[in-house]
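Each of the next two complexes has subunit A plus one other chain: subunit B in the first, subunit C in the second.
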Partner chain A sequence: MKKVFLIFYGGTGLYDKKAGLKFVEKYEDIYDWLKLIPELSIMAEIDYTIIDKNKDLLSRENIAELLKTISENLSKYDGIIILHEVDSIPMLANTIFWQIQAPEKPIIITGANTIEKQTHIIPDLSFKANLINAFQLVESKVARVSVIYGSRIICPSRLKRVGLSGLNIFDSVNKQYIARIDFGLSIEDKTYKAKESEYYFKFDRDFVFFKTIPGVKLLEKLLEKNNEIHAIIFEAWKNQITERSKLIDLYKLGQKNNKIIIFYNQIGFAKDFFKHTIITISNITPECLSAKLSWILGQTKNKSQIREMLKKEIMDEFFVNEIIKD
Partner chain B sequence: MNIQWLKFGILIIVGLINLTIGIVIFTKYGGGEKSTKYFGLLCVSTLLWSINIGLIAVVKNNSIYKTLGNLTYTTGALILINFFIFSIYFLHTTKNKSLILFKILIIIFSILTLYILFTNIMVSKIYTKNNQISYTPNAILHLLYGILFLIILLYAYYILIKKYINSQGINKKRISIVVLGTAISFILGFYFDWYLIHINVFKFFWLGPIFTITMNFSIAYLLFKKN
Partner chain C sequence: MKIYYFTNLDKLKDKYWENRYIEIHKFLIKNGVNLVSNLEKKLSRGENEARKSISYDQIEAVIIEGTKISPDAIYVIATALAYKKPVLYLMEKGNAIPEQLEYIRKDPNLGENFFLKFYSKNEKDKSSYKSIIPDFLNLLESGSLIKEKVNVKFTLRISPKIERYLTWKSMAEKKAKAEYLRQKLEEIMSNDPEYKNFLRKARSNF
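Coming up: the complex of A and B.
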């Protein structure tokens, strides 16, 4: 019988006709919660733990604890399933994807999409199926970090949220999936070859990510020499016309104060005007870029190394961008 | 064209459709997952059953006819056994105390089927009617086979429907399509190839395999539908 390690880290709103909506708030809740899905204990031997989600959801402490828990338990089990709030699944999944590179066993992330309205809570009626299918994915031995929701099993680096609710709230940016749930579990990415497993426990999230270029005053403050910020990422809008001179000025200020400036868009740049100044990054999801930068900053503070690592394809994180739509 | 050969041709096409679905299932899932593996085997068994019934429609030799007649019970049993195992493993494994009882029942059913295959008791009375060789089955054996078949089939559906009730989201959709598609095939297959023969109406026996198409369509829908 397979052995599965379940990590409860939010996203546990399980709806049962008789019991109603049940959450796991503390370790003691887990036993009764698991009794509501008896199928799971038939499918595998289950051990579990809880990460205190009442702290800041993706706090440094929580992530460090999660990485430690995974590294300590992965070799003992056939796979690890992490339950998490769907809103922050893309960020969490990408963080694990970069910190635990090419795991030797499946690490699967899923969660309940419980929607809180002012007067009532809408339960996620797909959650039970997602969890059962996650257990099946452990059986199939797809040794990767993956997110399962609805009929799709997606690599974190391709993950994007496409809806608030429904059968499939996540999609892949380039329509490539690790696997799909159709009649059975259909593995689509059969050519994937994992490199050696590497565990990284250091990460550094002291950078800011702007969806547009903010006002000069704020920028000057962020680029001050003495703050802890190592990098600033600006995401260009699709049709945004950016004054090159303004960006160069920013770069110079950043250079002076030892900060890295990254100019990002998902579509790609026809011409890399900033080859030697600002770092331009494209064809990567924003969550994947954030997690990658966080991982890089955890390994080095050397600017040329950071530039090189950011530009280099390390985990098949860059994708062909034709299919990206708003 | 002789009508018998037309029936044979239709049943070969039906068999090939089943074989195609079986091959697609084995290619797509690689036989690693138990539920899809047994459904693939079910499709191959349906191919054998279709060819078997097709040959019965055209064969003129009495001794070959007897062998083929006996063989229909074996190919039918193969379909049922594969479907039963599939129902246990589909979505998630079922563990139930009464499963042991049904495993014993399947062994009895298999022994009965082998007994039918290797003796001449079931297909004994052979006659020709409307240019078609027909037979009167051994009433007791035929009835016993039918009852056992029905009990096992109903239990397989009991497992699937229980899973349907307990399932949510994508799994509910998957199981409903499987139940609907296969139920039509089993009901009509059982009607044309067991009940009508039981009441000595033989001219519609070739229709049974044709209704496996509904099963093929429902599975093909799941296999090929994107998103």
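Coming up: the complex of A and C.
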């Protein structure tokens, strides 16, 4: 029988007709919670732990604890399944994807999409099936970090939230999937070849990510020499109308105060006006870019190394972009 | 009635099992079952792969020929049971029940919808799959296993007097008229000892 390690880190809203909606808030809740899905016990031996999500969902401490828990347990089990709030699954999955590169066993992230309305809570009725599918993915030995929800198994670097509720709330930005599910798993990405596993415990999230260029006063504050911020990412507007001179001024100020300025869009730039100044990045999801930068800053603070690593494809993170839709 | 029929594809190389799986498949089709099966995909060498993806909530039950258990069978059973879909697990007589299936049978929650049946390979025998499968289909059709969907429509003609009462009552109860009537019928059904007896007999005969 396979051995699975379950990490409870939010996203545990399990609906049972008799028991109602049950959450795991503390370690002691897990035993009764698991009894509501007896199907799991016929598929694998289960051990478990909990990450205290109440501290702060994606706090530095929680992520560090999670990475440590994964690294200590992956070799002892056939796979690890992490339950998490669906809202922050893209960020969490990408963080794990960069910090634990090419794991030797499956690391699967899923969760219950419990929607809180003003007067009532809507449970996620597909959660049980998602969890069972996650167990099946452990059996299939797909040694990757992956996200399971609905009928799709997606690599974090391709993950995109596409709906609030429904069978498939996530999609792949380029329609490439690790596998699809109907009455079983159909592995689609058969060409994937893993590199050697590498675990990185250092990460640094002291950077900010803006959808647009904020006001001057805020920018001056962010670019102050002595604050902890290492980098600022600006996402280009869809029509890409941005005052280039303003960005160059920003770059100069950043250069003076040892800050990195990154100009980002998902579609790609026809002309890279800033190739010698601002770092331009495209064809990558925002969550993947954030997690990659966090991982890079954890390894180095050297600006030319950061530029080189950001531009270089390391984990097949860049994708062909024709299919992106908003 | 839409059913998912699952077989152990690893055993298809063995002519004996290939023939058995196909015989059961043909038998189900002959009995008017709208079938989805992992067997079709394999036999057509992937030609059916482009078919529209369907899931467990679109089927009514699962039938497994599991004499030679496949590792995937456990996931199929687990998912079907999680969706509250009845599972008929067929085994040829003379084979031992796998340990995990014993666990399912003994668990009060899981065992309720899991039916493991031994069949004789002699087709003329009373315990052949040709007898077991129709009994299972009858049980499904009796409605005692399947969680019912509210999707049957029919025309009900009522007098203006009843209509007035129904409108008044549904407003007082803050329910739609159809919902109010459904609940009343469910109350009658759940308190009808004769109907309960009829369902009990159908189950015990299987």
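One rule holds for everything that comes next: the second predicted complex is superposed on the first by the 325 of 326 C-alpha atoms of A that agree within 3 Å, B and C clash if a C-alpha of one lies under 4 Å from a C-alpha of the other, contacts with A are read in each partner's own complex, and residues count from 1 in each chain.
The criterion applied here is as follows: contacts are C-beta pairs under 8 Å (C-beta built on N, C-alpha and C of every residue); 3 or more make two chains touch, one makes a residue touch a chain.
Only a predicted model underlies this, so the values are computations on that prediction, with no experimental measurement involved.
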Using the superposition on subunit A, tell me whether subunit B and subunit C clash or fit. clash
Under the stated touch criterion, which partner chain does A:M43 make contact with: subunit B (first), subunit C (second), both, or neither? both
Have a look at where A:W33 lands relative to subunit B and subunit C in the superposition and call it first, second, both or neither. neither
Looking at A:N168 after the superposition, I want to know if it touches subunit B, subunit C, both of them or none. Which is it: first, second, both, neither? first
Using the superposition on chain A described above, determine whether A:F97 touches subunit B (first), subunit C (second), both, or neither. neither
With the two complexes superposed on chain A, say which partner A:F319 touches: subunit B (first), subunit C (second), both, or neither. neither
Identify the residues of subunit A that lie in both the subunit B contact region and the subunit C contact region. 39, 42-43, 128-129, 132-133, 135-136, 139, 151, 167, 181-184, 186
Okay, in this complex, where on subunit A does subunit B touch? 15, 39, 42-43, 125-130, 132-133, 135-136, 139-140, 150-151, 167-168, 181-187
Show which residues of subunit A lie in contact with subunit C when the two form their complex. 1, 37-43, 128-129, 132-133, 135-136, 139, 151, 167, 180-184, 186
Touching residues on subunit B, where the partner in the complex is subunit A: 25, 28-30, 32-33, 35-36, 39, 91-95, 166-174, 178, 219, 222-223, 225, 227
As the complex stands, subunit C meets subunit A at residues 4, 6, 36, 38, 49, 53-56, 71-72, 74-79, 81-83, 100, 103-104, 107, 109-110
